[in-house]
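First chain written, first letter: the chains are A, B, C, D, E, F, G and H, and each begins at residue 1.
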Amino acid sequence: MTGKIIIDIEKCKGCGLCVMVCPKGQIVISEKSNKKGYFPAKFKGSDNCSGCAMCAIICPEAAIRVCKNSENKAKK
Amino acid sequence: MQNISELYEEIIIAGFGGQGIMLAGKLLAQTAMKAKKEITYMPSYGAEVRGGTANCMVVTAEREIASPLVTHPNSLIIMNKASMEKFAPRLKDNGLLIYNSSLIDYEPQVSKTIKVLAIPVDQLAIELGNPKSANMIIVGAYLQMRGIISPDTAVDCLTQTIAKRHHKMLEVNKKAIYCGAKFAKEQPI
Amino acid sequence: METVFTRTPTLKDCATHYCPGCGHGIAHRLLAETIDELQIAPKTIGIAPVGCAVLAYDYLDVDMIEVAHGRAPAVATGIKRTNPDKIVFSYQGDGDLAAIGTAEIIHAAHRAEQLTVIFINNAIFGMTGGQMAPTTVLGQVTATSQQGRKAIGQGYPLQISELLAILPGTVYVERCALSSVAQIKKAKKAIKHAFELQIGGANGLSLVELLSPCPTYWRMTPVKAMQWIENEMTKVFPLGCLKNNQ
Amino acid sequence: MSEKKLICGNEAMAEAAIIAGLDAYFGYPITPQNEVTAYMSRRMPELDRVFVQCESELAAVNMVYGAVATGKRAMTSSSSPGISLMQEGISYLAGAELPAVIVNVMRGGPGLGNIAPSQADYFQATRGGGHGDYRTIVLAPANVQELADFMSLAFDLADQYRITVMVLADGILGQMMEPVILEKKEQRKLPPKDWALTGAKDRKQNIVRSLWLKDGVLEEINRKLQKKYKEIQKKEILCEEYEIENAEIIVVAYGIAARIAKGTVDKAKKEGIKVGLIRPITLWPFPAEQINRAADKAKVFLTVELSCGQMVEDVKLAVAGKAPVEFYGRSGGGVPSDGEIMKEIKQLAAKR
Amino acid sequence: MSEKKLICGNEAMAEAAIIAGLDAYFGYPITPQNEVTAYMSRRMPELDRVFVQCESELAAVNMVYGAVATGKRAMTSSSSPGISLMQEGISYLAGAELPAVIVNVMRGGPGLGNIAPSQADYFQATRGGGHGDYRTIVLAPANVQELADFMSLAFDLADQYRITVMVLADGILGQMMEPVILEKKEQRKLPPKDWALTGAKDRKQNIVRSLWLKDGVLEEINRKLQKKYKEIQKKEILCEEYEIENAEIIVVAYGIAARIAKGTVDKAKKEGIKVGLIRPITLWPFPAEQINRAADKAKVFLTVELSCGQMVEDVKLAVAGKAPVEFYGRSGGGVPSDGEIMKEIKQLAAKR
Amino acid sequence: METVFTRTPTLKDCATHYCPGCGHGIAHRLLAETIDELQIAPKTIGIAPVGCAVLAYDYLDVDMIEVAHGRAPAVATGIKRTNPDKIVFSYQGDGDLAAIGTAEIIHAAHRAEQLTVIFINNAIFGMTGGQMAPTTVLGQVTATSQQGRKAIGQGYPLQISELLAILPGTVYVERCALSSVAQIKKAKKAIKHAFELQIGGANGLSLVELLSPCPTYWRMTPVKAMQWIENEMTKVFPLGCLKNNQ
Amino acid sequence: MTGKIIIDIEKCKGCGLCVMVCPKGQIVISEKSNKKGYFPAKFKGSDNCSGCAMCAIICPEAAIRVCKNSENKAKK
Amino acid sequence: MQNISELYEEIIIAGFGGQGIMLAGKLLAQTAMKAKKEITYMPSYGAEVRGGTANCMVVTAEREIASPLVTHPNSLIIMNKASMEKFAPRLKDNGLLIYNSSLIDYEPQVSKTIKVLAIPVDQLAIELGNPKSANMIIVGAYLQMRGIISPDTAVDCLTQTIAKRHHKMLEVNKKAIYCGAKFAKEQPI
């Protein structure tokens, strides 16, 4: 696994933009709503995430933290 | 059923943004009007609504209504948890609480004098084939429980309350109202 | 594993009040990142608009002021003139900047005020419930153009950045979009450049217009809204640098 | 048309204005009156009448100024901050004696405040927030039906006296829905608008103006205005007196506050308290005489407002020392509840 | 500096503001206060302070709003129509509790009116022409020296209470020349401006705002404001009482009207008429108590204004029915002469 | 002998209150002649500005209205929208149109209002005693730029006609001068064209800017003032047609 | 004499613009002031006036009437 | 010369736009101030001035001055016909009228109690070599006639009253003041 993301589901509003931009199809919308009633995004957690941070860059709630294996650092 | 000339029914309907709270309230108001009651309907409005909770207040009475604002409702229709927390404590003794048990998975802590109906409206709506009609189901249940106005009157008001462009939904909404009413009727209270 | 992307400190750790998919959230983050990267948080004074972003101070952790609808450029002038050592930015919507605040933005530019303006063009009055804005595109349905905006009687979409760019008092005017990762990256660069100009003492106003989605009043999903920016809005509001004096 | 419709205050007001012969609506969005702008944007073009979404409230009031100067019926509506921006324009309307109608759906202040209901623009409306000696007629509806009904009255008064009429509502009245009958009212007999700008065809030039530089002329104009204002004070006061015959406590309230207070008065009477209500319907001209007369019998007055105390000054001026005038108010969007008013009444009753 | 200089009111006021530590002046030309703008445009840059000729009064008041939010001393000045345009801004200043100073050199109204002296913006200044429940302190100088002296007082009051202070002058005071001493006044002990926007270095973010959406918060803010206003009413009333000991007739007048009336009182006393003068110096807070006390002895009050009757309402509220309150006013730029006031006084004397 | 030139009927037979050599008088005459030549006096409604020309209704014999400073385009909109059969013009100074009234003129143009605007640019606030206007040229001494206008802090002269010309809602924008007989003749043609466009129902706003002398606050003789227009002012405000859609 | 002009001296403010533009030098400023105190323009009355109306076109007070011998009409 | 403690001198100076009326008034005010009197000076201002008449009001007194506005002056200084028509009727009995006989070619019709001085100031000014100093001549004549303050004091005040950039004119203005004073002194009143 080169990358992974952590979604703050209480900040997430389930807009689906991260789902749209993830080149690896790593994100889906969850079926369980958060406290506010939104259906947040969910990281699939498979091995394909590249840590490219595209999901995080488009997230209007800045709800996504992106991690990456340290050998290949990406710029923040 | 209480003495009709004494009727002064103050309702709060509350829930989440997209749950059709306002429409439910308007339908109740329209229904009461059709039933020749005095009525007021007061929505929460403006930026408050954005992303947060939505609620509205309906008062129906046999005499002139003083305030359209309801601080302590007789009847409370609750569609999500946040609203339960906010409004349940304000309910009057001997009042009525109807809530969406599809989203609220605990027993509300209210006074013993209060009549409570848990109804899984989201689930019922999905079963009906239209997840958006949960609001209509709960209206049906309310009318049935409260027993002041017949659910039939609400059905009669659908054409007025629902915008023309959505009139293809009339039938399913009608079904939803009756579904709610039926659910309520079958409760063992 | 190492965190390669996370919230920047100047963006406060809380959820926003914006609708799902709203561009304001993205714009806020870009601003906060810029402020942190330039290490100017302790000397920045920000101006919140009247519009959906009125609560910007709840999200941006710098000194901020809320001002009357449209008057941000005047307030900014009052702040910057008396505090030339501070970095002053205003954040304004299209109703705020291009409708009621037209005179103030034009004259701040005209006087070459040393300010940075982040202009959120979402082609709508968001806060008041989706009315037509000066930047609403032709044919767009809004609460006050229910038949779609018509040029005759309602006017053509106002390209206010183009107007501002021809004033000698602006040093930098660029239009970006928040519609894709690539565009967002460009927007970030533009915002940073605008701030750098002010920090460097450039003699005039720098403005970055951001085409920004309002899924709620465009009556679209957030994803569709992004596409609409790329397919429709950029036709009327072409992206790119309108002016760069440095 | 005379069927009852369930409709919100803002839309009822809009439709009523249209029925009253509105030729043009000019507005800029602001909560809690956005429904007016939206409604007008749809209905006015349907009827081939004028709707303009303006760039600001400044523009709106000045477009109204232009339209009414040509003899048309025109209006704008807004809420508190937007009305503040119109103050120069309103003073110009007064100076030029133009008949305009302006609706203020008041919200919490000062500043940006909030969008909750309020009555804190009473001073601004009745004293004139603009410059110079002028008055506007101020109508204060207490329910949606009145909000609608007062529109034709507002246009008639405006035309009859060449004056600006302000309809002072609040967030509740604008937003709430009630069953309303919308129907055409009989129009007053109105003077011809021979001063209007219609093109100087076969007559001398008409000029609409408020600048008078020659020594003494502006004073003459002001004297004329004051005479008009006196006449209005004599003829146009509206006021509801409710159960005041034997009242020892008289509640004075207008608009939504009066509506709520009326319910409380009913309850208090049931409990044996001698209480009545005076509801000024025209806030200017103020029903000072009615209140003064009531003060001959009443022992105490209680003014209830959604403000920190504004109309209470007019009540005191009216009572003129004959009885104490107490105040209960909620501000910043707070609304007095039935219970709160009852508490005030009982306290006063206990002191008697 | 303590030499007497012959200087017009507008320039005296401008220089006095500078001496009081003015950091920035923002203005838009309007007669009869153009000398302020012109003077500031020259002097402020000389002193390396800020002068901006704004695009409008709207911009001016908002530039002031920005500058004072950073803890600087800033002001604007204008005349009646320009002040009307500032009403939204003034309400925002009140809502955000910012210390601003605004000078209104009043002229004839309503509308464009004329450029002659007037006092017809009394309501606007004292009741708040903007929206919401707020007050501004209003200082009313009666001569050029006071116009100058009140500038440092205005800035101190503004800073002490975080409030807008309005200096209400008129065309005569602005234009006339008198010998004036311009000197630095001792500054009050003022609270630190820890709320100011100075960059959030080593402290938490400061926010200047007036929007409060959460239930009840705006009401809380309003309560706080009202408390502050009460405190000001208790501590900051200024009022001149002139020969009122044995007066049966008390003239109440402020500003230029008071100055003229004082001369008349002198003359009338020489003729044996028992007359005195009360001159409110702060129009808000209004010296109601002083007047009420005087009403214990006086038989009648005569309010004299350059308006159709505005302060007279406050006088009536203060007198509270203890004595009749008469009014004499000139409007639209007219100024009551010595002789006219004398006639009024004599008529009242004859009736006693 | 035959009279070949005399006062036109719409210009009332009285002296003006203007200073000797003031351009307002010339502009009024051109307007009056245009109205008479087009025979539209009975259906014309004119708007006087707040500025030296506030009393324009004392000179022009058509229905007229005096309006708040800068708001003429809004008032004109109110009039024309409700009276599309009337010919509506506003007459505005540079303080009125380019300072306080910036938002109104831009939005009237933006909405493509069918109006004719006569814009008198005399690079000064005349009525209030000669303060700097947005159009004051660099170096010009005024009551509020006593050292001469400087770009930094006071702004560059505002070419507002250039701004208006790029808005799609204007159909005709031309800048003329009242500085010589030849220029005055051109100005007359431009004014007439602007009115003809409105009469013909052109879908937008027509504006004629007139560079006009203010000898009093330029502190020049009337003759020098005319020369100053030709030698200095036209450098900053080049004459010519900026836009003509017909 | 092909042309002549008539100056309304009570309207004239003596600005001298007509003097400036007259190609024939037909106008001077008078030494006697009018009622308002201005020194109005004066037509020399010699034969040289062509009736070109340039003086009238520039006059801010529209104080000049121009006459011409009818054979050679000028446009107004 | 009247009893000095009673002094309450109300002056109007009026004339045509370019005649230096305001400057004359300011010089009078400055002079009275130097002579330790209470003084006020009030100009007519704003657009009124444009192309029309200009006037100003000066009050000097030993005690506090009530109104700076003068409706009925003791002394009237008139520089042109229009002003004579407007102001002469307002002059108080026993007052003083000084007028510019270069422009006013008739005897003013005023009450017998009024002292009148006709002085051809324009002509005198031309003779002095500076046509613009007519205003100073008339000030000199006034001071001489009125006899409250010496023309010397006015001369002393010139540096303050006249803007720096015109200080090359100080000498000619001084001459003008004395010229007016001399003319007045030589009158047979």
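Assorted remarks:
Criterion: a contact is a pair of C-beta atoms (placed from the backbone, for glycine too) under 8 Å apart; a residue touches a chain by one contact, two chains touch by 3 or more.
Everything numeric in this text was worked out from a predicted model, so none of it was measured.
The minimum number of touch steps linking chain B to chain G comes to 3.
Across the two interfaces under comparison, G-H and F-G, the one joined by more C-beta contacts turns out to be F-G. Here the CA centre of chain A is 26 Å from the CA centre of chain C. Centre-to-centre spacing of chain B and chain C amounts to 41 Å, using the average Cα coordinate of each chain. A separation of 63 Å divides the Cα centre of chain B from that of chain F.
Computed from the mean C-alpha positions, the centre of chain E lies at a distance of 54 Å from the centre of chain G. Chain B has residues 46-48, 51 in contact with two or more other chains. Of all residues in chain F, those that touch two or more other chains are 16, 18-20, 54, 66, 68, 99-100, 102-103, 107, 110-111, 127-129, 134, 154. Multi-chain contact residues of chain D (touching two or more other chains) are listed as 31, 55-56, 58, 81, 88, 92, 96, 112, 115, 209-211, 213.
By the touch criterion stated above, chain C contacts chain E in their complex at residues 41-45, 47-48, 54-55, 57, 61-68, 71, 74-79, 81-83, 86, 103-104, 107, 110-111. Touching chain B in their complex are the following residues of chain A: 13, 33, 35-37.
Across the complex, chain F is touched by residues 99-103, 106-107, 110-112, 134, 151-156, 158-159, 162-163, 166-169, 203 of chain C.
For chain D in complex with chain B, the residues that touch the partner chain are 4, 6, 31-32, 115, 171-172, 175-179, 256, 259-260, 262-264, 266, 335, 337-338. Residues of chain D touching chain F in their complex: 23-24, 26, 50, 52, 54-56, 58-60, 62-70, 72, 74, 88-89, 92, 96, 197-202, 205-211.
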